[in-house]
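For reference, the structure is listed below as structure tokens.
We call the chains A, B, C and D, going by the order they appear; numbering starts again at 1 in every chain.
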């Protein structure tokens, strides 16, 4: 894995809060990310998985929440998250038409993992998000297969690449090459440091709208390029943190990811499915014999700093997804440029 | 207060779970209920208050949740309950057009209570529910005044009357006289007994639909009466319990109140605002210096018995609201019969 | 197809509204239903499809709405229905762990259908519901394959069987054999007759709670059987109608399906995913060149009769799903009885 | 009314779409705005009303939608808007603790208006929004009385002042004086021009976060001022338009107002109730004898330009609310500066 040059190294600093050591979602202890890329003459696509903890997450569920900012999307698993406030599988990201196959692969993975742990799984809620990469990928082929999902899980670790890789292989963002990006922030409470990390699969926005640190970068670039993409596609935002929260509090934090998107110039286009899913590693729900559980959560008045962290890290993660991606050619020969050509 | 004959004493037994000692919402320790009735030649209306605890609830907030089953209603306060999951005032019930005045009275009551406790209140979320009693009340007069609210609060206690009193003075239910009714259920968890209580303000339903313990009572009665009311009006359901819950869990329980309504034959009419509000006295949110709070809640798998309790107690509370009410005459001389004339 | 004896023929009449000619969801013109059953020594499962219209539904979208009554379920497609208020695929029902494969099959079916019609499909929102049939089916095998889905679609027509067939092959309801059931109601407006039909996949409820027309049938039967199932599983309710509605109005109607479930004695158990999905064939959204569309919808004050129709038809459809099913043996030899043995 | 210098005249241009002639919400035909200011040595507060049409809106209801971006607020009326998708009163804005009195005044106004039109009003859903102006106003006095509401209604017209007036008299925004602000945008569809207008009551944000056209203005100013306000308060956004929409479409547009807020640097603070309410004058729901109504709405693919309009106009309206306001002194003598001192 070569070190990739990230947005910060271009002198672009997003927000005010301190970053974690990797400035990635994997700064949250236990979180791992893996990719599997599917790239050939018909396809630019793949799968990215976020493993939320090192335990079997089905038997050690985490508090979770989701927020649908624009529901023109096919993400699966959010209905149960909303009802029960827990996550019980890894989260997988892929292309729009591959959600079924990837979701089936997550079921198979969990079935085998539970069998190994002596647990007879009968029901499980796979969480699979998606973006539409049809302009760079023969999407109706559903080229991502079960084996690609398993490979992404096997390869998962705290270090992972960004840009045009995994589920970000075929996505475009503000008319540039988009992809997978990540960032993190830390927050102090009662003298203890908590971490909040974001991973995005970016695939939305019109070139003319791209604004970086308040600068209308998209318009400047368009004067050179004379092409424009309209605002369609999607963005998936995955939020991880280690701060103790109820599902209600987590949902409040998760919806603030929208702030990072708005800051970059988007008007949340009609065709852009925007779905945010978050989990916290702080309270683990294990099966056991007591009927009453003890949870910890933050005092509501202290939640503002996590709102800020969610917005900042989302904004930076999107920029990382773009700046780490290389130029790609569409089937018709036109280039999807990398943002790094213009910074 | 004369002892009122309740539905159980007519040999009608609703559900399977045990009742609390009073079989009222006030079986939940600390909960008190008070009424103030406004009745003269133009008016049959009033106000009923539910005091959730003996502490100042603004500085000792309780976990709360609401569920809007049919939103053709003017209840105020649910937006903040949904966001923050807490209750910070008593809950008041009144007629539809009196919500503003009653809500202002709750603000005044809380301001004075907090001043007495040395707390400078700047913002507070009054929770006021309503039913439309216009067929028995000159509703545009807004006859419930601030003083009536204070009187209801002063009179609040664990014992309270049901039927055509307080906010139930002018309501009708399945074409009969409706009003305030209550019931409670107890549930065991880990060897401890928890209590769930319901109070309703009933004002909905068509006579022809009334079904009691599966018996189509309404149709039988109509053969004698030859009049019918269509399904309009509203029902407010207030749920109190002492079981530790998160706001998410409480919301799941609160929405099961709908089961009790459906059992009595209603199809949830268009014109019937049906709003349910619940609170639990188990976790108290006090101001303090720690940033991390400790909450307890039940294991999700144990929630079913509370679902059952919510449905059963709602069904019985509605029947109590009707059976405890006396016949009333409408301005045009027609009678709104009491259900007890027919049992 | 043998004629099956339905609940009405047992002298049990649900509700007051008139029925359509078949008393099935297919009384709504254009709606077709098909099954494919997977039954062998390890499996009792399958797939049922509802085809909403005879046109290509992707290019002739219908107004749709969904309502999640209890979100402990894995249904996919509701996020986009909620956002856009339209349906663009057939609806498929299957077992919980087969949602991924069936959803992928629906994508393939739509891709091919659109290709035939000269439409390059790039994105589509498959709607797949599920119940958990694990007590009668080796569910982790995901025995329903793509071919079964295509077979169900091919076999679809206005006539279809109920009971233990298709997606209902392995389900149980109130401890009896459940399955697929249907019913319909008609409503007059401005002198025109409209039809509302329901199809359920029933898989919920405890025997002790079963109540038929107000009679506590479950308890009576238990005295003979001495076994009880607790309330887990799920119910999927699909509603079709031909009345002009906005998505908001349709959602109001769809949520009234809950009334039918409550009437049969359920308290909406924690483990029972209850998801309702509805569509109307009255307004078709076609691509075209005008920017302004004309819709028709009912006057809100007239919606009550459709509320009643939704509740009644759901209640009867559930009873049909049970009464049309035959006894099945579990792997351990225990019988899942048919309700018809007891009526 | 003196002409006020607005943000555009400072050379600050927000967005890309054309403005209406007044660049105010009253560019939407029929919409009128009125203020009544309450200002004395204890009070800086008031009321602002938005009259949606020149007809009696109770008998000529408009399609409406609301979106709660952060529910730490006391706005009343949104529950019924969500259920029925219509508006039936003017919208009033005031201070947090005055919602009850103002809501009662709206009921009285509508009762009298309907009486004049020969309509016996029995139920009405007053829509009242609020911000907390307690730092400049003795808020527990509830100084806004019924007469102030009637005065605001009487004074309503297409021309109205912005800044520290009416409901904006006591609010602060990003630590500066906030208040009432407005802006509008126009959009072409099928060769016809449609107008979307915004009115805000601004009362949120930390000085350090204020960003104008991407420039971190707040931080620069703080270097001179050395004081900071944290992010509490609220913002109410009222959206009017004349484009034909269903309530679902309108809700999608209304939620895009959040984009304008994020652009100005806010992270949607915990204590900031952010509630958006919109209506369209295009489809009027009148009582009548037909059961089937005809509505028009836009093709969903054309909605993006209205998303953009909502975001842009909200951003500009907030800046207008600040730039039109004058410096005010707090009771302790500290100044709440006007933004215009710094531009």
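Quick note on the criterion: contacts are C-beta pairs under 8 Å (C-beta built on N, C-alpha and C of every residue); 3 or more make two chains touch, one makes a residue touch a chain.
Values in this document were obtained by computation on a predicted structure and should not be read as measured data.
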Of all chains present, which has the mean Cα position farthest from that of subunit D?
-> C
Would you say B-D or A-B is joined by more C-beta pairs in contact?
-> B-D
So how far apart, in whole Å, are subunit A and subunit B when each is placed at the average of its C-alpha atoms?
-> 44
Roughly how many whole angstrom separate the Cα centroids of subunit B and subunit D?
-> 34
Please set out, as single numbers or ranges, the residues of subunit A touching at least two other chains.
-> 70, 83-84, 252, 300
Sites on subunit C touched by subunit A in the complex = 68, 70-80, 82-84, 96-97, 99-108, 111, 121-126, 132, 134, 139-140, 142, 273, 275
In their complex, what parts of subunit D are in touch with subunit C?
-> 83-85, 189-190, 244, 246-248, 252, 285, 288, 290-300, 302
Contact set on subunit D toward subunit A in their complex | 70, 211, 213-216, 230-231, 252, 255-256, 258-259, 262-263, 266-271, 300-301, 303-304, 307-308, 311
